[in-house]
Structure formats: structure tokens, C-alpha cells
Amino acid sequence: MAWLDAHILTIILMCPVVGLGIVMLIHNGKDLLIKQVAAVSSGLSLVLSLRVWALFDASTAELQMVERVAWLPSAGINYIVGVDGLSLAMVLLTGIVFFTGVLTMWELTNRVKEYFAFTMALVAGVFGVFISQDLFFFFLFYELAVLPMYLLIAIWGSTRREFAAMKLTLFLLAGSALLFPALIGLAHYSGLNTFDMTLLAEADTDWGGMGLILFGFIYVGFGVLAGIFPFHTWSPIGHVAAPTAVSMLHAGVLMKLGAYGVLRIGMIILPEAMGSWAPVIAVLALCNILYGAFVALGQTDLKYMIGYSSVSHMGVVMLGLATMTHAGISGAIFQMFAHGIMTALFFSCVGHIYDRTHTREISRLGGLFHTMPRASTLFIIAGMAGIGVPCLASFWAEFLVFVAAVKTWPIIGILAICGLVASALFVLRVIQKTFFGPPLEAWKDLPDISNGMLPARLILAGTLLVFGIIPGLMLTNLDESVRALVAVLAG
Amino acid sequence: MADDLNTYLIISCALFAIGLFGVLLRRNLVAMLIGVELMLNAVIINLVAFAKFSAPEPVTGQVFALFVIGIAAAEAAVGLSIVLAVHKSRGSISVDDLQELAG
Amino acid sequence: MDWGLASLFLPELALLGTALGLFVVTTTVGGGESADLRRAGAMADRVAFFGAVFAALLALVPAEGQLFFESYAVGGFSQSVKLLLCLGLAGSAWLSRGAARGQVSVRDRPEFHLFLTLATFGMAMLTSATELVGFYVGLELSAYCLYLLVAMTRREGDHAEAALKYFIQGATLSAVALFGMSILYGLSGTTSIAGIGAAVTAEPTTLALAAVLLSLVGVLFKLAVFPFHFWAPDVYEVANDGAASFIAAASKVGAIAALLRLLTLGLGHDGLFWILGGLAVASMTYGNLAALVQKDLKRLLAYSGVAQAGYLLMGLMGRDEAAWSAAIYYGAAYLGLLLLCFIVVVEVGRGREDARLPISAVNGLYKKSPMLAMVLLVGLLGLAGVPPTAGFTGKWLLFKAALDGGAFWLILVAGINNTIAIYYYLIVLKAAYVDDVEDPTPLQTSPLGPKLGVAISLAIVLFGVFPQWVMPRLLDAVAAIL
Amino acid sequence: MTLNAWADIAIGAPLAVFFAMLLGMRAWPRAVVGLSLLSALAVALATWMMALNLPEGGFTSSVPWAVTDDFSVSFGYRLTGLSTAMACVVGTIHLLVQVYSVGYMADDPHKARFFGTLSLFATAMLGIVLSADLAQTFIAWELVGLASYLLIGFWNAKPAAAQAAKKAFIMTRFGDLGLFAGLALMVSRLGDLKIDTVLLAVEANTWEPGFVTAIGLCLLCGIAGKSAQFPLHTWLPDAMEGPTPVSSLLHSATMVAAGVYLFALLQPLFLASEFTATFALGLAVFTALLAATVACVETDMKRVLAWSSISQLSFMLMGLAAGSQVAGFFHLVTHAGFKCLLFLSAGLFIHAAHTGDLLAIGRKVGRSAPVAALGLVVGCVALSGFPGFAGFMSKELVLHAVHEQGMVFYSGALLTSALTAYYAFRLVFLALFDPERESVEAHPSAALKWQQGVVVILAVLTLGIGWTGGDLARHLGASADEAHIHWMSSGVAFAMVALVLGAGLAFVDFGRGGERAGSFAKFPAMHRFFASGWGVDAFWRTFSDVGIAGLTRLALLIDRGAIDRTVDGTGAATKVLGGVAARMQNGRVQLYLSIALGLLATGLLALGAM
């Protein structure tokens, strides 16, 4: 057992990789066996991420469960894996969304083997990013997480899938084109010639002008994936075209990679540059919140609406990071977790509706509350979380971020609070149009979510509720690490 | 024209230039081959001139020249065989007919 | 018979032995009956393949020392490159067995393999030559063999034109390079690269640097760097698959080794490296942009080769062991990735009469042969520099070395280029995985083809994730020649 | 049982019922209803126990909920005179409405969902009332908004109900913006939002006046949203789409009173800045007048009561803004009583007549439903401020308090109370004394007994509440005479004149038969203006059509037009560049060589220059 605890993070990373290997060996025809292997590997990674949560000691800010292997010392690369307050929630989020994603796609019939193989590669990349503490491995897993998206969307997607897949992949990789020089530049200009993040962070090198440029590259590079304002147009198109579980994984977890990247690499290693970039990040985040909400209001397709709502909620995350205060950053990380779960729930419900009605046009849907009470209630729970109704996880996140924002930049804070109304507007409009109102003839006898498919969504709704009622669960773990980060940022 | 290094260098550069323009401007493939041969001969003159005038022990230059002569001959053989193949397949050895492969 | 010296020359001896064997086979071909012609052809395939594998094994034997009056250095660097060359030869020989798709007439097959082996021998000489004469002879020997290989495609058509263009550009540029070498000889009075290097660094006059740049032209031509790359698209597209795979993979590794050898001349001069940097950016951008609009798979690989040469050249801006070892690592990765792509080209192209292969030929590969589709996936994503393949690690190490040479903004250009490149790699991948095909009959591939592809892709992924198995050895090897 | 335990029951029991409903809604609906009634009883009991054995200095206990360095939120209870009194009001009314709903919802298939959401509302309302931390108040405040959204939209098959629910939620959300901004501003000064710390900070008045005014106005904005004050009041009349028990519990007695309760709780903060106090008073008077005029011309029974609630809420705010916590709060208590009675009896009328329209009810039902008629009469008399009844006792205190604030406000208040009397009696005459009443005999169903029982109890309570002013004041910690009516003062006289004028005019218009159009009909322009709610609703509709839709179109334009086009443009441009590069390879070998050697020459020259 001790061995397991010592190498728990690598084992979590290996779950999807081993799963991928096994799936590749299974003959193409045996769909059920492939799904079971996927379920076991995702279930195992979820259980282990819960164990990491349990083992986590909230009283220290240092990295825990660290595994360090000198990989290629001549080039300054070593395999360092560890988790601290900032990444703990993200590991759990990935575990949950991965497991529920696999369950949601249980009824897939078209090319099952390749689907689960690519999904597991993607998730291995995501786990890798959240646990790795070395820039080389961070970027390796980051790109590994982005590439399978192309095939997942292009093969199993729906509307304009090839165009959307290509646009999404090129947009994200254009972002990573900026990251390449930035990450290498960090190792070079710090004079340490190592990619070990903790060393880079501790050695308070004077970056000078180069620090600003590097931070700019990192912010825009990772920001593209986090959907910051001018670079967000790929995310709605990508979500609409992607199959359900892929949009769950994508909006739920992948967009957090971007924000996590800015946090872990930008803010910790280049604190002074963060200081001077913070106002820009805050203004762009404000645009994200308001602009995303108003565009979501104008959408006619359910998934587009959720896509733009993700853009709006990611704005809250970036605003929280930009405040550089304890409450703000804790709120931002809480929002990354809460929004991940919420979007996953959103997409799984929309996926169910799309599979039954084969349309996502809000105008053609109506009165679904009576034909599909389960799907509707779950969608409304997700919607309420989106609006920031209390006793659901997103409330605490937005509450902390907005309070911190008003404290640091009163004008931006107050304007950001208007985001509360904007998000209420577009979510309620959709709920009213699709679920309330008289049940339409066309959708008379549609089956509701079956008992088999319900547990996945219940897990998601349950997590929202648990973290909504007991925010302490999340905040105590974050506390020390964020305090240390704020101290670094304060310089 | 004094019998010293500069004269030979001038001659070899001139020869090299003539050969180069032969390759670039002549329409006929065989003429282009001749141009390449001229360039190689210019190099040979160069080598021998350096060996005679400025090299500490001249033998390396002359050996190098011998090698170049040998290889120039091989080159001519290969070049002509390819020109022959072109003639068989295209029926002409003018450069203007060799423009199908593009894009 | 003192085995001492001969032990240094083993891989070359193996290659010469194979060449001799093949030469004997070519003499027996005389008669016209097709039966023994086919037998001779099959015999030639076997001799060539096992000869190459034997040579590769011999290259593993550690050897250290000088031959032929210090003009032929054998060491870690040369032996590792020779290993790669022999593997490349084995791969190409295997790909062109039975002259895949019958592109080389049965009568010419023994000669085909003879020239392949001689070309590899020439490049092996090039790698160890520490002296201009040996360097030049090796360069020309391999070049002439390649021209003939391209000209050997059986069917009438454009192969002769491609071969001629290849020859004319090659001959002219090697003459220019020779002119530069002669001036270097004139300035330094010696033909040993080390001697010349010392003379050039002693008084770095413009003439000396210009001569160095001129002498580099021959190698840049072989590497297909931007202004000297015009031969590549035509040759890849039209040459028979065996020759094309050899030119794309093995000859590029040879070119890299030659460049590393020759570049030691101008190590001290920033100006020279900034011009190389300029060439690198030009070839990256040109290669990637031109590849965007290609419809033929092999022509696309050619332009991608030009772009990869650009990345490699930029990596060398670091001018230290890290850069040199990264270059070899990237060369090895590139060799493996190209072999993967050509396995798919050969298997998919079987039965097509024309040597060309449009991208649509790969449509629906996921259904026709899932294993080949996976091989293509790893090959293309490796070329695109996507983890966990060796392509990614290679690019990372290359760009890290480039940054040590102060090329931060060049790396940004390289990053953007990489994104542009991903577009056309994904276009091919889309054809293989997404586009459907009318007759989903499974592709009858050769028994060994896909399995060899899977083995190579596994090796590429493993070397990508565990670079430390090979990098330390490369670093020591490179330290010897720098 | 310690006070803490009682408070836990008050908040925990209904929450448990809500979750039971969520999980087991379809399986055993009757069980959920039973549980809900039981929990309502427990809550009422808990609130009364808390009120009765409240220690002298009040009782506060809290546990940290979310802690960060800059600011932390705690969950807990702060039992004072004010909070326990309000809790009792909520507990009792909630119990009565739940009992009434058993009858009202007897044949509705989604019964369990109704009771579950009603319990959720109870938890949230008590969360506001008992909270010790303004952050917890804000959280409960939002939850109440959610409960009201779910309850208004209970019959979500009806598009009108769904639209009303959305409108209610969004309009209260506008108000919540102000509340959140106020709280956030306060937090930037204090570490946490505990009510005691806030009140201490206000007493110490360390903050500069501008800051206090800003906070006051922000909080007022939140109160205007929740307690339907001008301009955020148009959602309340539409909220009548919901079932009648919801209208009675939420939209008259308890939920809308949350804003008033918050004002009473933080009264020192509002009164600390002169400007906020007068602004609040002016706003209250204006809203009261507006609502009263609209109530006079409204034809639907429940909408009349809704506009009347808005008007009475403004009376409470007037009392508080004028400085007397007892007056405002006492009016809240009495209003909760008689308005709930009016709504429940309206429910009976609408059940009998199957329509909400006053004239139709008058014709179809009229006096044939005795209990409903009794409820209506007692309610309207109390509402109109007939001396001795509940309405008069509390409104008199309010008028007395407003009297000191200057004649303008006082005259406005008097005019409003006259109008109140007018529409109260108009209601009675139209509903009960309709000359052409066809006597259709009502068929009392078994369930009706529950409803009629509750109406009778409430009628008795309404009669009694008027006299409890004194001990309520004592409970609030103020002296008893604060709640004493100065019978012989000029204020009472003016109030009597207003009452007689209003009632008289109503009798003249509707009492004696005739075309019963009402005197307002004589001025058609004014009639239409009042009927449209002074055009406020139209303003909000244009705001959303032009403003929000316009912004959306602008955002879409930017998104599709500018950003998307540039992105696709760059993609296409690179392909065009690719074409150019590929064309460079045009097949002529001599061109290739010239390009190569030309570039080489430039390289050599560059070397020379370097």
C-alpha cells in the first residue's frame, strides 16, 4: 500500500495509458469489452484521485506525493510529478469528468475502439499536465491533450465537423506555437538551464524586459485554450461539432488546462510580469464575462449557448487570477472546478436531448419538462449552477471572485457583477423555451434518461451540491498554497 | 601576364564564369554538361596553381586535382547516360521541353 | 594480417562485400528468360537486405581510431551515423524488394540494389572523412548513385526529366562547392578539415568565410535546404518508391552528418551562422507554405522535408554539443518517421501503375487496414512534432539548442511554422481516418509490412519518451568532432 | 432543547423535505406532502419557542462556512427581538398556507413538487431571518429568488407562468446586483460581514459619508428588487400567475417582506446618511401612490391584491425610513395577516368561479361562498384602515412617524390611504354586492373544508393582531408607548377623513348598482395611464427589446463579423501564400539554379558587409 501511495500520481497517469494499450489489443468487433476496459480504467483513475484528495495534507504549501526521476540531465529535463493545493482539485475534476464521460458514451456503436483509444490518450495528456512539475513534460502532456481532439471531432462529430475540428486544432496549436519559445525561454533566460518549475520559481531571477514578453506569450498561448476574449471563437464551434462526451471533456477539463497553465507557469515563475499584466487580464476577463453572456443570449443552438456560457464563466476564472488576492485566486480555482463539473452536466443533458430529438434548435424544442423530467431537472440544476444560485459550487466561486474584484478594481468589479444578470438572462431564456411551455406533439413519447445512464449525471449533480453546501472542502485545501502564491505575487 | 598565382586565379575564375553561364543560358542539354565540365576544369587549374605557388608541400594539391579529373570523367558518363534516357523518353534534348514537372 | 586497423573499417567492408555480391548477380543476368531473371532479382533483394542488416550490426561494434594516414576518423559519431545509414539502406532495400509495384524492371533490379549499396558506402565514407578529398569523393559517389537510381524507374514518363534536373542541379552546385573547397585549400595549404578550420579561425577574412559558405553548398543541396531544394519535389513524386524512400530518409541523415563535419570549419563566426539561420527560416516557411496546397502525398513529403531541414539548420545555431547531438537525434527520428510514411506509401500504392500517389489513395485506410492507419498516424504526428513521438522531443532539444545560440525570435517563427505544418499533416490524416471510400475491401498488404511499421512506430514512441537511452552516447560522440 | 437546536430544526427540517422530494418525488407523493406538513408544524413550533424564551441580550452562534484571508463567510444564527418576531410571522403563515394548500392542490398530479419547493422557500426565508452574517443573508436571499422562480413557474405548461417566473427572477436579480455591490463595498472595508460588526462600524461612523450613502443606495436597490418598489416592481403583478397559496405566502406576506426586514435590520446604516433616508422615504411614498392608483383601476382580483401589497410594502418602508422601527415592523406583521387572509379567500373565490376577473366573480359567486365572503370583508376592512382593526393600528403609527418628516410626504401618505380605502371597498362591493348575480350554487368539495378552516382561523387572527402592538414593541426592545395610538391627535383625525372619503366614493361608485364603472372611468386618459401601471412595464419591455437585444446583436456582429472573419481570413491567406510558393516551382531547371546562385551571391555579399 505504501508503494501505491508513494507513486500514486504516476499510477493515475498510467491508468488511461494502460487502458489505451489494452483497448488497442482488443479485436475491433468486441465493443462491450472495450467499453468495460474504459470504464474500469476511468473508474480506477477516479478512485485514485479521490485517494489523492484524502491523502492531501492541507497544512503545507509545498508539493506533495512528489516523484522525481532525472530524465535527461544534459538538457535539464527531469520527470517531476507532484500535487499541491492549486492542482489537487483539477486532478479530481479530471477523474470525475473522465469517468462520467465514459459512462455517457455507453451507447456508442460507431468505431468504438478508436473512440476510446483517442479519449484515453486525451485524458492521459490532461492528467499529465495537472500533475507534472517540469516544463518539458508539462508541454508534452499539453500537446498530447490537444491533438486527439481533431480526430474525436472529425470522426464522431455532428454539424460541420471537419471544418470545426480543423479550426479548433489549428487555433489551439497556434497558441502552443507561442508557448514553445516561451517555455524554452524560461529555462534559458533564467540562467539555470533547467525545466524544473519549482527551481525556476524559487530562484528569484531578475527577468527584466524579457519577463514581460515571456509572460505575454504564456498568457496568450494558454489563454487561447482558456477561451480569453479575442481568441475564443474556436470554442463554441468546437463544442457544437464535438460528440457529447468529447465536449464534456473539452469544455469541462481542457479549457481549465489553459487557465491552470497561466496560473502554474505564468504567475508562479514570473510574478513581476504578472503584476504589470494583471490589468490587461482583468479587462479581457471582463469582456469575456459580459461579451460571452450577450452572445450566448443570441444563440439559437443549445450547444452554442453552452459554448459561449463557458467563455463567459472562464472570464470569471481569469478575473479571479487577475485580482492576485487570496480570495480571488481561491475563487478562480474553485470556479475552474465548479465550471468543469457544471459544463459536463450541461453537455450530458444536451447530449441526451440531441440523441432523442436529433435537433438542438431551441426554437424547435419545447415543453420537454413533461416528457423528460429527469433530463430537464438535471439541466435546470446545471443552469442554476451557471447562474450562480447558492448551495451549488459555482456560487461560492463567483462570490469570492466578484468580492475580490470589487476590492481590487471597483469599476471592473461592479461591471463584472452585471455578469450575474447577463448569465441569468440567457440560461433562463433557454430553460423557458426548451423545457417549460406546453409539451409539443413532436416530442410526445421520447424516453427519459434510463436508469443505466442516470448515475453518471447524478455524480456530477451531487458534486455540485456537495461543494456548494460545504465550500470548506475545497477552500481548506487551497488555503496554504494560495497564500504562498499571493506572498510571491506581492513580491 | 606574369607567371604568378594571380594570373592563374584570374584564368580559373574566368573559366568558371564561362562554364556557369554555359549551364544557365544554353538551351541544349549536352552544352550544359560541357559547361559543368568547364567549371570542374577551372577548379583543377585552381588546385594546381595553389599547389605550385602557395601550398607548403605541393603533392596534396596535385593529388586532389587528379581525383577531380577522375570524378569529372565519371560525372560526364552519368550525365550523358541520363541525357540519353531523356532523349529516348522525350525525343528532344532541349531544356524547354523539360517543364512538365511543376507545382 | 593485422586485424587492428581492419576492425575499424568493418561496416564499410560489409557494404563493399554486398556490392561485390550484387555485382556478381548482375553479371549472371545476361540471358533473356524471365524465369531466371526473376530468380536473380529475388536473389538480389535478399543479398541487399541481409548485407545491409549485417553492416548495421557491424556498425554497432565500438571502434575508435584513425585510418589512411589520419584522413579517415572512426569514432562514436561516425559509427552511430553509419548505423543509421545501414538501417536506412535496409529499410529502403526491404521497401523496394520485388521493386515494389514493379516500378523497376526485373532486369535492372540487381543493379538497382548495387547502386543503393554503393550510395550508402559513399555516405559512410563522407561521415568519417576528415579530409576534403575523401569528403568530396564520398559526396560525389553517393550523388551519382542517386541520380542513376532515380533514372531507373521502368515506365516511360517523367522519371528521366526528374533525374536530369536532379543531375544538372547536383553537378553545378557540387562544382560550386568544389570551387569553394579549392579556395579553402589555397588559403590554408592543407586539405584536412581541422587544419582548414584552424587557418580560417586564425584570420577570418571575408574570402575565407565566403569559401566556407561555398563549400557548404554541396551539403545544403543534399539536405534540400531552401534555395537548393528545387530538385526534391520532382524527384520524390516521380522516382520509384525504393529510391524515393532512400533519398528522403538515408541520404538526409548522410547530409546531416556531412553538414556537422563541415560546419566545424566556421564555428567561431556569428555572421556565417546568422546566414544559415536566414536559410533555415526561409526553408521552413517555404516548405510549409508550399506543402499546404499539395495534392500528391510524396510531393507533400518532399516539401515537408524542406521544412524539416529548416528546423534542423536552425537547431545548429547553438554551435555546441547540445545542438550537434540534437541534430543527430532529430535525424534518426526523421529517418524512422520517413520509413513509416513510405511503408504506407508502398503498401497503399501496390498495384497502381503510375509512381505518383495522390492523397486520396489513402482514403478510408482506417477501414481497409487499421494497422497501417495507425502507422500513418504515428508517422505524420511524429513529423508534425506531436508528443509522445521522438519528433516532439527532437524539436524540443533542437529549439532549446537554437535558443542557446540566441535565436529566440527564430523559434517563434519555427513555432508558427509548426502550426501551419500541422494543417497539411492533418489533411492526410483526415483522408486516412475520416474520409470514406467506396470499396471498403480490406487492403491485401504484404505479411510483414504493417508489422514492421508498428515495430518502428513503437521504437519512435519509446525513443521519444525516453531520450536518455540514446542522448548521453550521442553527446560524447559529438564532443569528439567539435 | 437549546435555542441553537430550535434554529437548526427551523432551517434543517424543510431542507430535508426538499431533498426527500427531489429524490422520491414520483414514488410516494402523499408521503412527501405529509412530511412537508409535519415539518411546517415543527418550524412554527420552533419559531415560537425561540421567540418565547429569548434571553435578554439576544443569542448569536455561528460556525465558519468559507474562510479566505481577505474575507470569510460564517453560517449561524442571530436571535434578536426583530429576527424571532419575523421568524414567528414566517413560521405561522407558512404553516397555515401549507394546510390551505392541501385542499387547494388536492387534485394536482405534481403535488409533491409543490410542497417540496414550498419547504425550500421556508428554509431560505428563515435563512434570511435568522442569519448572523450578511453573506448568509445574501445566499438565502438568492435561494428565496430561486424558490419564487420555481413556485411562480409551477404550472410550467402555461407559457404565461413560465414567462412570469423568468421576469420575476431577472428583475429581482437586477436588484440583487445592487445588494451584492453594496455587500462587496462593505467587505472591502471590513474583514467579514457579520451583522454585529457592520452595526458596530456604522455606530463608530468611521466611514466617510459618501461611502455610507453609496452602500445605503446599493442595498436599497436590492430591497427595491425584492420588495417590489419602484422601478423594479412590475414583476409582482405578473407573479400572480402562480398558484394562489404561493401568491399569499411569498408575494404578500413573507418573501416580499424580506427587503423590508433587511431595511429594519440595518436601519442605523440607512439612517446614518441623511440623503439615503429621505431618498428611501420619497421612493416609498411615490411607489405607494403609484400602486394604489393602479389598484383602483385593476379588474383582476389577484392583481388588485398584488398592487395593494406593493402599496402596503411602501407604507412599511415609509415607517422605517421615517425612523421608527416599531411602526414599520408592526405594519409588516399586520399586513402579513390580513393580506394572506385576502389572498386565501380570493383563492376560494377563483376556485369557485374558475376565473380571476372581479366582475365575473361578482356575478357568478358573490355571497354564495359565505366563508370566502367573510374572509374578504374582514381583510378589506383591516386593509382600508378601519379604526380598531389591524390595518388601522399599524398604519396609524406609520402615518404618525411620517408626519414628523414634513408635509409633502405626509400628504402623499394620506392620499394613498384614502385610495387604499377606495380600492378596498371597491373590491368588496364588486365581489359581493353585484346586482345581476345568477345564483349558481357552489358544490363544496371535501377539500374545501381545509381551505375554509384556514380562512376562518386567519380571520380571527387578523382581528386580534391589531391589539398586539404593545407587546410586539416590548419584544423588539423599544418602549411600549412607541406602539401607543394617540387617539385624540390630529393625525388620527386626518386618517379618519381619508377613510371616509375613500369608502364613501367607493360606495357611491359601486355600492348602489348602476353601471358601476367607477369614477376613474370618467377621465379615460388617466384611466388608461393608471391601468398600464404608469408605463413602467412598457419601459422594461422596450429596455429588453431594444437594449438587451441590441447588445446581443452587436455582440453577435462582433463575434461573427470581426473576430471569426479575421480568423478564417488568416487561414485562407496562408493557403493563398502556399499557392504562390508552389508556383515558384515552375519546372524550368535553369530558373531554379539562377535563384539558388542569386541567393548564394547575396549571402556572400552579406558576409562581406558583416
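The first chain written gets the first letter, and so on, giving A, B, C and D; residue counts start at 1 in each chain.
As a working rule, a contact is a pair of C-beta atoms (placed from the backbone, for glycine too) under 8 Å apart; a residue touches a chain by one contact, two chains touch by 3 or more.
These figures come from a predicted structure and were not determined experimentally.
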Chains linked by the largest number of contacting C-beta pairs: A-D
Centroid distance [mean C-alpha coordinates] between chain D and chain A, Å: 37
Inter-centroid spacing, chain D versus chain B (mean Cα positions, whole Å): 97
Distance between chain centroids, defined by C-alpha means - chain B, chain C (Å): 27
Averaged-CA centre spacing for the pair chain D and chain C, given as whole angstrom: 78
Junction residues of chain A - those touching two or more other chains: 170
Multi-partner residues of chain D (at least 2 other chains): 582, 585, 589, 593, 597
Per-residue overlap in chain C, given as positions that touch at least 2 other chains: 164-165, 168, 172, 176, 233, 423
Which chain pairs touch, all of them: A-C, A-D, B-C, B-D, C-D
Touching residues on chain D, where the partner in the complex is chain C: 574-575, 577-582, 584-585, 589, 592-593, 595-597, 599-600, 603-604, 606-608, 610
Residues of chain C defined as touching chain A within the complex: 322, 366, 370, 374, 381, 386-388, 392, 396-397, 399-400, 403-404, 408, 411-412, 414-416, 418-419, 422-423, 426, 429-430, 433-434, 467-468, 471-472, 475
Chain D-facing residues of chain B, complex: 20, 23-25, 95, 98-103
Interfacial residue positions of chain C with respect to chain B in the complex: 132-133, 136-137, 140, 144, 147-148, 151, 156-165, 167-168, 171-172, 175-176, 178-179, 182-183, 185-186, 189-191, 233-234, 237-238, 299
Contacting residues of chain D [partner chain B, same complex]: 582-583, 585-590, 593-594, 597
